[in-house]
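In order of appearance the chains are A, B, C and D, and numbering begins at 1 in each one.
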Amino acid sequence: MTFGYILSIATFASIYAILILGLNILTGYTKQVSLGHAAFFAIGAYTQALLITKAGLTFWSALPLTILLSMIIGVVMGLPSLRVSDDFLVLTTIGLNFIVMGITEYFDFFGGAMGIIGITMPTIGGKSIGTTGYFLITLSFLLLTICICYLFSKTWGRLAMEATGEDEDAAQSLGINTSIYKMYAFALSSTFTGLAGVLWAHSIGSVFPRNFSFEMSVLFLSMLVFGGLGTIRGAVFGAFVLYILPEFFRFIENYRMLVYGGMLAMIVILQPNGILGRGGLLDRCILRLVKKKAETQEIS
Amino acid sequence: MRRFLCIVMVLMFVLCGLLSVDAMAQETVKIGFITPLTGFAAADGYSSLESAKLAVDYVNEHGGINGKKLELISYDDGCQPDQASALTRKLIENDKVAVVISGSYSSPSRAAAVICQQAKVPFTSTYAVHPSIVEAGEYCHRIGMAAPIQGRVGGYFAARELGAKRIALLIMNNDFGVSLAEAFKETALKLGAEIVYEKKYPLGETEFRSYLNAIKAADPDLLYAPGYYNEAANIVSQAREVGLRCWLMGDEGYDSPKFIELAKTAANGVFITTDLNRDSDRPMTRYFLEKYKERTNIDADMVGASGFDAVMLVSHILNKVGTKADDIIRYWDTIENFEDCATGPIITFQERSAIRPMDIQIVLNNQFRYFYRYYEPEIIYLNPPSGGK
Amino acid sequence: MLLNVQDVEIAYNRIKVLWGVTLCVGEGEIVSLLGANGAGKSTLLKGIMGIAPLHRGSISFLEKDVSKKRPWEKAKMGVAYIPEGGRVFPDLTVEENLMLIASLHKEAFDVKENLDLVYSLFPVLKERLQQKAGTLSGGERQMLAIGRALMSKPKLLLIDEVSMGLMPKLVSEVFNTLSLLKEYGISILLTEQNVPEALAISDRGYVLENGRITISGNSEELLGNEMVKTSFLGL
Amino acid sequence: MLQVLLDAIVLGCSYALMAVGLNMVYGLLRIIHVAHAALYTLGAYVGLYCLLNLSQSLWISLFVGALFSAIVGVLMYRIIYSPALTAPRYVPLIAGAGVFIASQELFRLLAGPYPYSFDAHFQFLSIMTPNLRVTETQMLMITFMVVAFLCLFILINKTNLGLMWRACTQDMELAASSGININLIIAINFMIGSALAGSAGILMALYRNSVFPTMGAMVSYKAFVVIVLGGFGSIPGAAIAGIILAIAESFLGMVPIFNLPREAIAFLVMILVLMFKPKGLFGR
């Protein structure tokens, strides 16, 4: 059986799904395109790694601290968004990515180029959990994240964020404090991204600066846009499909990334709202199916 | 039209999924291989994979593994640790490989090592130097040279043989460059040299003139610049350009014909520490160098040699003790004077890292030439055996 | 007929803005297009120019079907378009703004003649030739916008809300100028919220409501129409 | 010191050449053209192919490489960007990233993962004194950049085509309805920008003596910084900012407290500048 393989692919896909849900709040709701989300990811992973290897905490005791720290650092890193916007913000986030990578690579406190080794698997009741256990933990965090995102999407906060994203001036004239909501988005986004970083660090067992490169950030944004910007289902779907897609192409090993890159470009152009976003291909198919079912029910 | 295209694409995904179900394999002994074929490390991945295939062909021509064919199953990890860890699981569970070999950089190798240790499957890395790879556990070995040894050899050669008193360091900032530089520095300082300049540069850097001008001002006897050949070629040619007149010394990362091709005549006179002796007349080395060139149309490099050796060593062990993991590991640690490899003979394994005599090579007339060889146990052993064995 | 718009529909993001609009402009005619904000007047002009793609219907100009033609091709055929708000190229000087158009049509006619026409209509532009267009006042910008359009010696001029944001004194000045253009053989299709002024200079008019043409007729007829009176003239 | 400055200026030339094309595209279409770096690599590979198979002359390979990049640049616009123009801003960004990934793979598959040496022989000026040294390649790069920018300056400010181009950057819709064939202008824009990227690729390949699939990545990040510093859409800004950035990197890199890699320094400078001038140094 290839159980472990599928399990570990699923674990990583779930971790990325959590991350993309976080990115969705920032980029999907407030339309602040982030091409540096690997930096937020790195902050979660590195904070956890440091707390575990240097402070000797366990997975569970370090987790709340890491999440809190990710949130705070996320807000600090979001501060430039109050001054700059649009394409300047995109490039600023790219910059944050490179700066965070540079700092982790050049300062020995963060392990430097040698990375941080020895991030052990979490334990429950003194017993180390295996791959399956870890997958279940990841999955439950994913479900938790989905729940929070769902609940959040029903609140006024999300409307305020979307208004901020659509037209900042108009939102301000409606009495929305756009700065607060931008920061709010950064805080929520970096929290989820930090959580994803924690889970990732534990499942790999080590962190190296180059794991959080700009290419990763591009992949993250691609996942979100591929699935459907601004929707929870799209974020989860995008993360799973784009993570698993290259695995499907294993049989054309050498041409795998070529096909991947080309497809990414084509699908984004053909389906700018994402495959599962509003008005996307699958979205319409599902809507049609649901409608058909409703119709047949009415007839019967 | 748009919708049609999309549907076709979605169908393709599904089809691909169905197609990737493995075909039934015949009775073979399988070894797994992960290596970066895509991304920035693709060149090293290609070298090590082609060399590994070469070794597999050699083994199968010479009787296979106890009559069974040796089969190499390789996956591309893109130099990403998460892919490496998933693929290692795939190799172990799906392909049921006897041994996993990593022809990849340190970060993915470490991730794979942890998985193998958990699953109790023998693992070996080919050229990754990070100390933590073998620290993952007793199932993990290393074929390439451990960084502390290589850095130490460099230090001895610079300070003792060349007599350099003032040394400048230009270090590639990844685990490879940093761990080499640390060992080098320690040795050189112990032997009475002085470090007059030290700077780290990131992987992929191409412009070194501003550093080299500063180094020139510091007036060293020798510049040690651990790194890979792509960056090294730039360092060496730019060093000659800014008029830096001192010994230049590198490491096994330079050991590729591409280094000489890129650095052109500036490469002449550069010393490197390596274990692939191109002037050697050992039959295995000659076989590897010739066949590799025949196969890929490119001259072989050190990375390839490590991949070749890994497969050779693993198949030797499999031939001796079969495919049971514990037998393999027990035998592995007792190996002495293994000769069937392209690099210098592997004397033994210490702390699960291969120990072999170390060569200093020099570039002369646009070729790597043998220059000096270290046999002393206190230099080439990870922990020099007390009493001198 | 100079311009014939037949059953045109235009949609933005799957939301229909125009529903089967049919109208025509004869040679030497000034036709006004009346309607409230959001009725689809600007969209119709953009559709005629080719900036907004047609969803259905056809447009012919000089008896040729131009439905599929790109904006610049129509411009070469003699259609000129003045978007609302006196849009000019802000970082080009006044002269560059004018000469840009002249250079595009130079094989067709005499540049100097057109330039003289523009200067005679708008003498103030001549004083500001080297000034960046972005620094002009609102009225001057509108004049430059009209002047730019005239540089291509068009057969048909599409003008969107020419009076918007202008002082009342300037508005009548601009309308006077437009009525003068008739003498140069230029037909005009204009949209306007300032209904009495517009109908005063135009021969015919159409009323556009929610993307459909509801009333059409001579200017006098329209001025007498009850509906026009109540909705636009405030009588 | 003077030597460091000179080396930095040469490096800055390559940044500037890349950034100008990027900025021309941004000025016209308001898209961040990530796939621009693919054209840089393409230019280098085509130039190399030319050098190895067609002619020994650097000039011919420079010309062919630039031409090829120009053609592919226009095709890229027609196939990738043109359909995405009405879509949200991030769509062309991601499409470009997809193309960039695919292009790197394509180069690897066609030419192999190894770096190639770019071994061209040519005669050019050089300065060789004990205190100051400008090699032939460095001189060539500076000359090329100066000539290219002079040509571009004249083209934009003194010709009709330039006038139309400037009109398009200011108001595309108005330009179209004034009779400017905007498709043609965009195509020419891509052609010039891509040709500059392609020639930058060849010149850097010559300067570094290496051509490899991922060579475009680093330069493209730098080009982003340059266009921010220089102001989006501003061509002289990009040229000046490219050189300033290279100088800042080289000198800050020598200061021990700035123990950060070049890219991080570059982006740090960029963010600091943005904090004080949110529209860039020379932005409107």
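Keep in mind that, in the parts below, a residue touches a chain if its C-beta (ideal position, glycine included) is under 8 Å from a C-beta of that chain, and two chains touch if they have at least 3 such contacts.
Treat the numbers as computed from the prediction; the structure is a model and nothing was measured.
Just to note, of A-B and B-D, the chains joined by more C-beta pairs in contact are A-B. With centres taken as mean C-alpha coordinates, the chain found closest to the middle of all protein C-alpha atoms is D. Averaging C-alpha coordinates per chain places the centre of subunit B 73 Å away from that of subunit C. With each centre defined as the average position of its C-alpha atoms, the distance from subunit B to subunit D rounds to 35 Å.
Centre-to-centre separation of subunit A and subunit C, using mean CA positions: 50 Å. Counting partner chains per residue, subunit C shows two or more touched chains at no residue at all.
Residues of subunit B in contact with at least two other chains: 37-39, 173, 200, 202.
Counting partner chains per residue, subunit D has residues 105, 259, 261, 263 touching two or more of them.
Touching subunit D in their complex are the following residues of subunit B: 37-40, 42-43, 45-46, 173, 200-202, 204-207, 209-211, 213-214, 230, 233-234, 237, 241-243, 258, 261-264, 298. Contact residues on subunit A toward subunit D in their complex (touch as defined above): 27, 33, 35, 80, 83-88, 90-92, 94-96, 98-99, 101-103, 105-107, 214, 218, 221-222, 225, 229, 254-255, 257-258, 260-266, 268-269, 272. For subunit C in complex with subunit D, the residues that touch the partner chain are 49-51, 70-72, 74-76, 80-81, 83, 87-92, 96, 99-101, 103-105, 148, 152.
Considering their complex, residues 2-3, 5-7, 9-10, 13, 16-17, 19-20, 37-39, 75-76, 78, 80-82, 85-87, 89-90, 92-94, 106-107, 110-111, 114, 119, 130, 132, 135, 173-175, 177-179, 200, 202-203 of subunit B touch subunit A. Subunit D makes touch with subunit B in their complex at residues 3-4, 7-8, 11, 105, 108, 112-117, 119, 133, 135, 208-210, 212-214, 217-218, 250-251, 253-254, 259, 261-263.
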